[in-house]
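This structure is in structure tokens; I'll ask about it shortly.
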Amino acid sequence: MNRQYEECIKICMEYLEACNTCFDSCLKEDDVKMMTKCIRYDRACADACMFAIQAMVSNSPFIDEICNLCADICERCAEECAKHNHEHCQQCARTCQKCADACRNMSA
Amino acid sequence: MNRQYEECIKICMEYLEACNTCFDSCLKEDDVKMMTKCIRYDRACADACMFAIQAMVSNSPFIDEICNLCADICERCAEECAKHNHEHCQQCARTCQKCADACRNMSA
Amino acid sequence: MNRQYEECIKICMEYLEACNTCFDSCLKEDDVKMMTKCIRYDRACADACMFAIQAMVSNSPFIDEICNLCADICERCAEECAKHNHEHCQQCARTCQKCADACRNMSA
Amino acid sequence: MNRQYEECIKICMEYLEACNTCFDSCLKEDDVKMMTKCIRYDRACADACMFAIQAMVSNSPFIDEICNLCADICERCAEECAKHNHEHCQQCARTCQKCADACRNMSA
């Protein structure tokens, strides 16, 4: 695994932690009904990130395309999360954007 | 893919449909705070089922062990879903138990 | 799950069967060293297809983007498989192209 | 994510790197026909490890069961890899056993 993948995988893992914390925390919020889109995006974006990690760690012939898709999905998830003031949403949005940038660089 | 896998995969796919419908529907319920455990179990059980389908369709050397785990997880998810009266939970519980039985047979 | 997803998932599953048969059969060929690219593409393409099925069956907010990626990857895998005369490769190439078309339609 | 998961995930990621290197390297060996079981086990074991990482990072309700399965599968993959003298197989076997131990601890 080259250095560049290693760094991107690390960022993806940090995002996954924040994303799944956000998923669980949203479910515990009083205004959970306001958070349903955020919950659905968290789940789908976590799946996309796991898929990108799998591609990088297995040296897939399609890393570029997969990281590009992951960047697209992360950007949309970051936008959604950023709308909510809960600290876990803001933290999720920040790491999600960082993950989008790292994946975009990987696919360039 | 032998006949036996084909039938089990079909049952897993039917469950996945009911399980994901239950996930989305729980998020729309008025009493969504009552449904958070169900929502978490739906997500985790769907992941286990996808993993079992992947094992069966790729003729994994570990089909028995994986289907056995999927059966264990489905049984616990079916128990949780059965506690809730929403029709999507009851439907999820029924197909989940059917899926548990099919996976248990596969691993026998 | 709407009708359209159901048909696309069915085609993806048929492809996965052919793809994994091709993977296992390539490993048994006398000229296995000629087949290494095909083996790597089969594995990576099967992963992409599983990811697309997961997106469709869980009604992901990102189905369009994911099915589009799956179509791209399937097209490249179909090209690679079509180069080899083994019946399992030809069968894999055909179902892979069919899968690419179905996923492309889904993302349109 | 608690400290204990973090360490286990790190060990799983190190194994995944060695496992996928072994997969690719086996395909390049002159005696690739001797390596087909190793190639199939590498692929299946990598999938099990990704599934365990997903469970840990998403705080799945079924972490214990999933890590236990991953430990079982890793032990069988380590046994297979240890039979081959290629350095990538020996390296894979060592990290695989380490991964099995970490996952077994996690499920205890």
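Going by the order they are written in, the chains are A, B, C and D; count residues from 1 in each one.
Rule of thumb we're sticking to: contacts are C-beta pairs under 8 Å (C-beta built on N, C-alpha and C of every residue); 3 or more make two chains touch, one makes a residue touch a chain.
Keep in mind that what you see is a predicted model, and the values were worked out from it rather than measured.
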item	value
Comparison of A-D and A-B (more C-beta pairs in contact)	A-D
Distance from the mean Cα position of chain D to that of chain A, given in whole angstrom	24
Residue numbers of chain D (touch at least two other chains)	24, 40, 43, 54, 58
Chain-level touch network, classified as line, ring, star, complete or other	complete
In the complex, chain B residues that touch chain C	1, 9, 13, 16-17, 20-21, 23-24, 46, 50, 53-54, 57-59
Parts of chain D lying in touch with chain B, wherever the complex brings them together	40-41, 43-44, 47-48, 51, 54-55, 58, 60-62, 65-66, 69, 72-73, 76
Interfacial residue positions of chain A with respect to chain B in the complex	24, 27-28, 32-33, 36, 39-40, 43
